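Sharing a structure below in structure tokens format, with a few things to ask.
Each chain carries a letter (A, B, C and D) given by its place in the written order, and its residues are counted from 1.
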Amino acid sequence: MYKLNKVDKKFPGVHALKAVDFTIGRGEIVGLVGENGAGKSTLMKVIYGAYQPDGGTITIDGTAVRFANPRQAMAHGIGMVFQEQSLITNLTVMENIFLGFEKQFVKFGVIDWKAMAEAARRQLAKVKLDIDPATVTSNLSFAQRQLVELAKVLTLEERIDGDLVILLDEPTSVLAREEVELLFRLVRELTSRASFIFVSHRMDEVLELSDRIYVMKDGAVVDVVTHDEANIDKIQHKMVGRDVDKEYYREQLQKPYDAERVLVGFDKVSVPGKYSDVSFDLHPGEVLCLVGTEGSGRECILRTIFGLEKPSAGTVRMKGGVQTTFKARRAVENGVGYVPRERKVEGIVGGMNVYENMTLSQMKNYASGGILRIREEKELARKWVDRLAIKTPSVFKDCGGLSGGNQQKVVLAKWRSGGSDIILLDHPTRGLDIGAKEDVYDMIREMCDAGAGIILVADTLEEAIGLSHTILVLKDGEVQKSFRGEPGNKPSLFDLVHYMT
Amino acid sequence: MSFIKKHIEQEKLNRRNFLFASAAGLGSFAAAGMFGPGMARAAITDPTIAWSYRNRTNPYWNEIVSGGEAFVQSLGMSKDALTHLINEGSSEKALADVKALLARTNGQLALAIDTNDAPNCRPVVEAVAEAGGYVSTIWNKTDDLHPWDFGDNYVSHMTWSDEKPAEETARILLEAMGGKGGVVHLGGIASNNPAIERLQGLRNALVDYPDVELLAAEPADWDTQKANQVMSGFLTRFGDEITGVHCANDTIAYGVIEALRAEGIEDMPIVSYDGNPQAVQLVAERKILATVFTNPHWGGGITASLAYHAATGAFKPSEEPNEHREFYGPTIMVTPEDAAEFKASYLDSVPSYDWADFWGPTNGQIQYK
Amino acid sequence: MSLDRIKPHLPWITLLVLVAIVGGADSNFLKPHNLISMVADIMPLFIMALGMTFAIYIGGIDLSAQSVANMTTVIATVALPTLGISAAVVCVVAGLAFGMVSGFITTRLLVPSFVSTLAVGGVAYSLAQYLSGQRALYMDATLRDGSFGWMVGKSFGIPHEIFVGGVLLLAMLFLQTRTTFGRALKAVGAGELAAVASGLNVTRIKVMAFALSGMLAAIAGLLFSVKLSGGSPTLANGFLLPAIVAVLVGGTPLTGGVGGVVNTLIGTLIVAVIRSSMLYFEIDATMQQMVFGIILIAAIAMTIDRSKLRIVK
Amino acid sequence: MNGILKREALVKWAPLIVLLVLILLFTVLEPRFFSVRNLARIAISSTPALMVALGVTFIIIMGSIDLSMEGTVSVTAVVFAFAFLALGGTVLSWAWLALPLAILVGAVVGFINGLVHVKLRIPSFMASLAMGFVGTGFALLLTGGDRIRVEDEVFRGLLTERWLGFPVMVYVAALFLLIGWFIQAKTTLGRNFYAVGGGEELAHASGLNVNRVRILGFTLAGMFYAVGALMAVGRIGIAETATGNNFMFMSITSVVVGGTALWGGIGGVWNTLVGVLIVNVIGNGMVVIGLPGYVQDAVLGLLVIVAVVLSTDRKSISFVK
């Protein structure tokens, strides 16, 4: 029913889509995979009307269409569920659901809130969400918000006669496993009313959910596989254009850590409302993974170590010294490096170039009396650009313009070059393509070899299991269980999930 | 004696003075001619005439401008020939504009200016003198700066001694109050010289009225809306204790009248200052008991005229006595009795002044305390 | 692509175009003497704008600058007889202190700088009124020349104000581009969260930015006071909006992290040229303000580099 | 959860508590402060400011800012006065048409302001600042610097006519406050302001025509400025270029003091009402208790900071600029 024929899209200097053919049938779930920069997001934007193609045609049930903006695409039944937090948090759930389409509830210029609430309740019922539509969105959990998103897109059902095509852009990235399963169940049920295009970096999820999978590389569709013939290795091969290392998580490189020394010691540490009585030791060469759902206290523990959160009870030791002042600057002096989840806003400073970003945390090493030794900064940056194979035309390039993987490398280089040996990684591979992920995994092993201790909040449970020496499972701010994870003797997914929920 | 008669008397006197003055002026012109052009750039044949003032939103400055334009027209030019520099209350802009104009005119400039803040007067005068232009100032000038220290280029400074007239209006007010009760004063921008003098005038008068209490004095920044709010506050604070209001100028009085009107108070004795047409009308209606007319129209014209005639060499400032270089401007009290007469002769039809009669209506040399 | 390359240069191209237009209309404008004098006169405003740049660079604003300058004109005049040249130190310290208070209120008490600086400005204005006894004061000429004559003299035909402004510009340029503080400032402006996550003491950096703004406002007031040989609590009135306009026209948008002190120099000169152009084109007095606004819209539309603005609010 | 609710409630009511505390404070210092007559005085001085502040509230909710109010108020006041006098000079003649005309002029000025901001892609701070210059300049051009007196007894009844101790203009202002609330709470446009302020890109992606909302917002603000101008003229009886003076900083300060966040999405017309009252209570109270003029700026500044500090939800913001 929905069909793209030889769609082309060019940007200055980039041929983003090259004669892409794409079809989706009624009630079908189509997966869309590809590395970052392969053209997935451009393709999606073309589909939901944010971009207009330069060449090719789009047809719905054989009729050619052209969308000048997302609103026109919506009128043809095409809706988009955005990646995380695309609801406006200061509005109520019902306002979000009907944003831009309030007209139906307006009588004589007045919004009939009761009618809107009623309609919103009907939408929420479709996604089996039982909340008051007048709830302010900021009070919802991430999983709830994701469902509200879906409910919002499903309003298209009432608005238009034809079939729906719903794009799901990384809908699972903020969800815990059981929430993902709930979402998938829902999507499958909804195929009676809509077709879905499912975009995710989590290959296993794509395989699990999709009827067919489009594989993109360099702006072109390189393969289309059906659910039954799909196979992770094969798809990844197509995406990357080469074989992916069997030892994805570099388990063979995992070495025992130095149990004698302790880099970070938590002894019954509590932050009110966030976590309580958390104890662990981080040793040189160790990867310690914090596992738990959103809100289980993982992030807050990282923030405590980095000095952004002051615990109310317990003692925090760093390299033997008991910490009394909790300041980020102090933590950095102690050798803590923080690789935040929101790479674009917290990791790098867009608008500053590569060397400026790399020395940001350690300017005093490159300054005498407050005056920067810029030449040395550049030397450092060139060295690390080579060492981590950062793809950038020069060290003067604005980091905001680098790809996600290269940005992450700059962030890691920032801490590693400054000699940090307590590295906090918050979703370090989020949104990275396979090649870049592998680079990150390599770097984690390398840092361990160099004697650094790593605290990891992983993007997926597999990643957590594959990478860590130690896994702490948290739930509601309390440590439920600690697992050891020597190669060959790792806990299973089931083990973890059991304690998470 | 009504003020009109007084004024006519004065005019007669002045005419006599003028004859002396013009004779002296011609004499000096001739003298300058004899010594030739090398001595000083005494004569600029066609100087640009400019007025630099605060803004166009205040009727006072509009009167000043009308005088400047009248003078320019008296020279046979269109009134557009007057260049306007508006500083919007910024000393910095006032100075920058003057310098830009000096550059544009190569110093062929006859400038009349209120420099906005007293300290700004020195750099303005210095800039004009350096460029060979001629400047006459009004109102704002620091006490250590004198025209005679700049040869011919700083032609004159005129200000108005407000203390005495303000004292006189205060006496009218205090009499109207029956010599007892409470009075409030709403002043101008606190650091402005006229604001200080006008308050002092009230204080001087109060000495003779021991039964009247000065309840409060607050700055209202020459601003109608601010005055309105301050007066509202006074009404709460003092209520019926207020039996009279002394305003530092007319625009303040408008705000006060409206604040009183909002409370249904129509008969409060009020005096003000400046003699704006609207205020004169209110005086005639006895809503204001007295205002002081400083004849800004004449002031605007004569200040430009002084600078112009000095520039063209019609007279030589340095040969004039000090009282012709620093002097007080005219002040005329307007009371309900003579308001109609005053309005007819000054406002309804603007008298055509003799713009070469520089010092006629003036009030003597400036005295420093 | 070529347009992208031109964008960063638009501010000074705009300036040159304006100078050419005014100069073309009246060649008197282009006389070196006039240009130098124009630049010298704009220096106090420039110095205030220079400080304002730092506040705007981190995404804030400093509405106290004018009041602080007013205050220092009074302090300088009052303190000159007893302290001599040390009066300058008192002024600078006072400006620094007021700026720090603004910064503290903004960063620690989480009051938006638009309001906090306005409020602190109120305090400075009150202090100025109190110190001056609510009247205009003047400096003794010999005392002024003895202590501060060097600020307003002339060497090689160039007024010393230009040197004062130039030295400050170079110092601030050095601070902005070559020091850890400048780098930190850029990081805070362009990506505050990333700066926090890099362990920078963002609060301190912001407080220092406001302190710098206060200090430069104080120096602007001091220079103006010396130039005018006096002080009053209203002397620097009319500085604030042109100073903000100068920073914005120079291409430092309110979103922070873009632009810098050189942009502010260009912006200040654009303001000066537009202002003079009113005289050269003999714009009618009642029309000047409207024309200024329209030219301003055109100039800002020309100079801002929208590619650096994610969304236009 | 309970704790969070309590905190939210406290923050929500904080501006009102600040207002009540201030009233109490001034009443203790000077009992006459709390009299109907004085409250009426505060109400009178608040009405024009409230109208202007309401207008800018919508803009601030969108996360933008508008600094053009001084110009807009002056232009509308002057156009109103000219039209009013030209059409007969009393509300009882065709001159009443000048009232809707003024609001129309305000809408046009606001519309242009919005166009400059949206179409030329100039941040609202700069666009509106420059448009403010244009507005004041245009008013000056129209008047040539003269003041226009509006003497009509019926129109001035806004000030002189009293019901229950308060002049008519206070009731008119209350009516427009309700209209503002209606727009904010009951209309699509009002809700869209919150959407734009909460997340412009997201709103756009949801199919909202953000540019249209913005332009309409500035237009609406212009209309409220016009009402403010009418109130100001009604209060003083004079329309002039300076009618708009001092509205800019005061109205934005009031909005912030009332608890509307400058980064958008939070707050509303009731907050603005409280904010305007706080600022005017402080202004009136300082005079009433007899604070010397030269310390008033400082005291106002300090009290404003205290008010903002108390009414800010510190947990909800990560950083403030």
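FYI, a contact is a pair of C-beta atoms (placed from the backbone, for glycine too) under 8 Å apart; a residue touches a chain by one contact, two chains touch by 3 or more.
Everything quoted here is computed from the prediction, not taken from an experiment.
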| item | value |
| --- | --- |
| Chain labels contacting chain C and also chain D | A, B |
| Winner on C-beta contact pairs when A-D is weighed against B-D | B-D |
| Reference chain B; chain at largest CA-centroid distance | A |
| Whole-Å gap between the CA centroids of chain A and chain B | 73 |
| Geometric centre distance via CA averages, chain D-chain A, whole Å | 43 |
| Length of the line joining the C-alpha centres of chain B and chain D, rounded to whole Å | 37 |
| Distance from the mean Cα position of chain C to that of chain B, given in whole angstrom | 34 |
| Chain B: positions in contact with at least two other chains | 56, 65, 190, 219 |
| Per-residue overlap in chain D, given as positions that touch at least 2 other chains | 140, 144-145, 293-294 |
| Full enumeration of touching chain pairs | A-C, A-D, B-C, B-D, C-D |
| Residues on chain D engaged by chain A in the complex (per definition of touch) | 182, 186-188, 191-192, 194-195, 197-199, 202-203, 205-209, 265-266 |
| Footprint of chain D on chain B - complex, ascending | 55-59, 61-62, 65, 190, 216, 218-219, 223-226, 228-230, 232-237, 239, 254-255, 258-259, 261-264, 278 |
| Residues of chain C touching chain A in the complex | 1, 178-181, 183-184, 186-187, 190-191, 193-201, 257-258, 308 |
| Partner chain B, residues of chain C touching it in the complex | 26, 28-29, 31, 33-34, 37-38, 41-42, 44-45, 73, 77, 129, 132, 134-141, 224-225, 227-239, 242, 272, 275-276, 279-280, 282, 284-286, 288-289 |
| In the complex with chain B, residue positions of chain D that touch it | 30, 32-33, 35, 37-38, 40-42, 44-45, 140, 143-147, 149, 159-160, 162, 167, 232, 235-238, 240-243, 245-246, 283-284, 286-290, 293-294 |
